[in-house]
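Have a look at this one before I ask anything.
Every chain is named by a letter (A, B and C) in the order it is written, and numbering of its residues begins at 1.
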Amino acid sequence: MLQQGDIVITHLQSRKLKIGKPLHQGGQGSIFSVESQSLVVKMYHPSLLTTSQAGQQLSRLVNMVKEGTPSPAFIWPLDVVTRPGLGYVMPRVSSSHTSLLDLNWKGDCPSWGIRLRICYRMSQAFAALHLRRGYAYCDLSTANVMCDPKSGDVRIIDVDNLTVDGRANVLGIIGTPRYMAPELQRASVRDPCIETDLHSLAVIIFETLLFHHPFLGDRILEGPPHLEEKALGENPVYIYNPRDKSNRYKKYDKFGGLPPSSVPGRVQQLFTESFVDGVANPRLRVRETRWQRALADSLDNLVPCTNKKCLFQSSFLDGRTDISSCAYCGSPPKTFHVLKFYGQRSEVLRTKVVTGTEWLSAHHCKVDQALNFKPDMACAKAEVDPQYGVTLRNVARESFLYRAPGGTSFSAFPPGKRVVLRPGTRIQFGALGVEAEVVK
Amino acid sequence: MDRLSYGMASVKGSFHSRANLPNQDAYAVFTAGDTTVAAAADGLGSRPLSDVGAQEAVTIAAFLVMEHLLTDSAHTSSAQTLEELKHGIVRTWRARFGRQYPDYDSTLLLAGVSENKILLAQIGDGLIVTCDGNGVCLAFVQPTKPFLNVTDSLASRDALRVFKISEMAGETMENIVALFLMTDGVADDIEDLGPFCHSSMALLNQKPCVWNQTIESWLVAWPTPGNYDDKTMVVISRSVSAGHSDESVVPAESALPSARQGKPRVMPMTSDQLRSKRAKMVSPQIPPIDKPTKRNGLAGFVEQLGHRVHLKKDHGDAVTEAR
Amino acid sequence: MIAMQPTGISRQARKLPLIILADTSSSMAGAKIATLNQALQNEVQELRTDPVTRDTVLLSLITFGGIVSEVCNVEPVATVSIPTLNASGGTPMGQAFRVVLSHLSDRSRLPVSCAIPTLVLCSDGQPTDEWRTPLDELKRHPLASMAVRLALAIGPDADKNTLAQFVDNTEHPVLQADEVNKIGTFFQWVTLHTKSRSVGSRSIPQPADLLP
């Protein structure tokens, strides 16, 4: 058994680590800090693995170390430990992070902006895992997602249960009941796969944004515990299923939570797809890039509240061009403008709220850019000028065009210059650029 | 002979006014005495400056065809003359832009009608359709492009080979009652050319003064879903309805045609005006035309001039001067 | 009274053919075939949920692993069902190119009114048969050469050189598997841009070209 003060030599890089305090004891193993380094060591309980299982897990861990992490969000094995037992070394999660489980149910409820960011970063991390590596995570739950409530940053821990191709992971982990896909719950499918991850992701996003579970309606919550298992496995009915009202959730006063109308229609639509169509047919479960786009667009449509004590800190614009008061505390919103972006067919691509601190990225401004937040491809930055109010500065290396309200022709909008935003101002963002109009 | 009437309209491919993205279709009708020339051009979407290329193609080609028809309106031209006219159009257009001419790439549709002949020329997609008194409508060039968004064009390597040009005279010519020019935004969606042209000819029963707005209403209400192309349609006809002598003095527009209005660009000219306009079209790279002709009292009209074509963004100016 | 809209005008949106060439050879086994499957499912879901592409894209899927197999043939993306692909056999990429050539050189396989086909090669780029000649033939055939060629590199050890030769065009770089949703945005572009049949081509200036 590992103890504080022991020295451990890692298997692949022969690093010398001095074990510090034990941090956590779980079902699989124990986690120890490492002195003087921002690392931790996880050691599996000796009785957990048979010899052959240990051999398999060792080779998987070695593989993972060699491949490296698909995304900085994963707390990924950096090296393997073979003596005194099997384990691995990974980066330490900063103490500013707390688990999403705690955040959702125990901690201060963070603002919409933070929660959307958490969901976005989760989706982004799993997109990398699924699309770059083809791995399934298998045990996605709020306990495995660590978040920084100030920045919305996310770290995914417990990555030692990954599988490929629907093959079982070494320890046979299939998931956490609350988040497991129904087909795993009722054992009609034996092994987790990427589609079961997608189910878990959708449930977690729902819980994080609306604070209740998408398949546990009033009757289940009021009834005995065994109903819950059935509700999640045998016959899961989405609590807001438009065609099946048998599992409705209405008792917000009693059980908490926010109604689905709290989030933009587009996000509600993705919930319906995942929980109605996606239950029976895993192929139809919403994929990460669509979550990312809907979440990023929702972030773009938050109007901040002036009340610092407001629980949610902002309201959604959701298709309107103006709101007069915060949806949660009634206080007036901060002064804001709304940019409406038109595509090359004059269709409305998106709207974005601008208060004076926002960036416009390549995917806002260019026709052929999927979600792209690369800093060197930022196109414009909102700034507040004491005299002129909110302006937009061209931070790209090409010239844009702009037309003042009521103007008849477009003028040059060179790099470095700013344009005052007034209702009716139009800006065209250069080569293959879209056109934006200030609608408020 | 019956006066010719014409109607035209062009609608930008997006129904929201986006003044900074120009209509890549260009079109114009030029008249001088009894001769009328209609031209339409469709700038290639994949080329950054194709709207300018299309405008220049219309002006240059229409002018050269007008000149050709005025120079020799009586006789059917020889194949060689037509070839030279074709070469002249392509070379003058390319010389306009120097080596960057592919950036201005465009298609071109031309129809010229004089007292005795009709000249048709086409490179690239779109349709020129001639309709006779019996309702028989024929496309000048059968559509051959394999896919919708690919076409021959003025900058193509084999432009001179694929550019079709021919003249009609005599009875064939006399029988024609209407000519249609349509860019691909219109032409590509026509499933049945016959019914389309017959129903379009209902236009001719109306007074020519409403033709423009009629055509525009058709283009604005285009029924094919997902068609975001610029759409242009020009019609020339021997109208036997009320005379339209007013049309010939419709003032030319100095600005580029507004996308939704489809204002006609008409250039009625005397021969003096033509000559002075000719003198203004110059380009250093094209060798001078060295065939002076003394026919039709236009002696001295065709002079030994080099062509130097000024690159002007708004060449609508050139049109107004001619008045 | 204004004359009525002419008859004889099509009421059908113009079609966008998309042909996917997927490497299902044994070198793709494990995580790579899983990545490929995910990329395909992602792409289909993207195309199916985008209002522009939902009713217009026609999908064909040709796999090459051991043999060349035509899995889907010009099917509307709104209803197509792509099976989970398994990895086995050699990598007959050259043979796959020949099959694509036979598809593209027969104009009657596609609807009369459709845009230039888009061809996407999804592979780790390790062919086991003679592929350069069939690729050359594909690029030189008057009809088949009109297709726009894209490539999706699968796996961190993908041979990008082979894939780059397939694409052969600076406008469309080789994409990584997780950039698969760029194919969707690419369709936004291709439908708006008419290309000339034969011109010395200059690429459209991308923003990077505008650097001082």
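The rule is short, and it goes like this: a residue touches a chain if its C-beta (ideal position, glycine included) is under 8 Å from a C-beta of that chain, and two chains touch if they have at least 3 such contacts.
No experiment lies behind these values; they were computed from the predicted model shown.
Chemist: Could you tell me which chain lies farthest from chain C when each chain's centre is the average position of its Cα atoms?
Modeler: Most distant chain from chain C: B.
Chemist: Sort out for me whether B-C or A-C is joined by the greater number of C-beta contact pairs.
Modeler: Pair with the higher count of C-beta contacts: B-C.
Chemist: Using Cα averages as centroids, what's the distance between chain A and chain B in whole Å?
Modeler: 57
Chemist: How many angstrom between the C-alpha centroids of chain C and chain A?
Modeler: 31
Chemist: Report, in whole Å, the distance between the mean C-alpha point of chain B and the mean C-alpha point of chain C.
Modeler: It comes to 37 Å between the two C-alpha centres.
Chemist: Using the touch rule from the top of the page, what residues of chain C touch 2 or more other chains?
Modeler: Chain C, residues with two or more chain partners: 52, 192, 204-205.
Chemist: Any chance you could list the residues of chain B touching two or more other chains?
Modeler: Only 48, 228 qualify.
Chemist: Taking each residue of chain A in turn, which ones touch at least two of the other chains?
Modeler: Within chain A, the residues that touch at least two other chains are 344-345, 431.
Chemist: For the complex, give me every residue of chain A touching chain C.
Modeler: Going by the criterion above, the answer is residues 67, 127-128, 130-135, 164-165, 194, 283-284, 286-287, 289-290, 343-345, 366-370, 377, 396-398, 430-432.
Chemist: Which bits of chain C are touching chain B when the two form their complex?
Modeler: Going by the criterion above, the answer is residues 2-14, 52, 55-56, 107, 113-117, 143, 146, 190-202, 204-205.
Chemist: Which residues of chain C touch chain A in the complex?
Modeler: 30-39, 41-42, 45-46, 49, 52, 81, 156, 176-182, 184-186, 188-189, 192, 204-207, 209-212
Chemist: Would you pull the chain B residues touching chain C in the complex into a rising list?
Modeler: Within the complex, chain B contacts chain C at residues 42, 44-48, 102-103, 105, 145-153, 155-158, 184, 188-197, 199-200, 202-203, 205-206, 210, 213-214, 217-218, 221-228.
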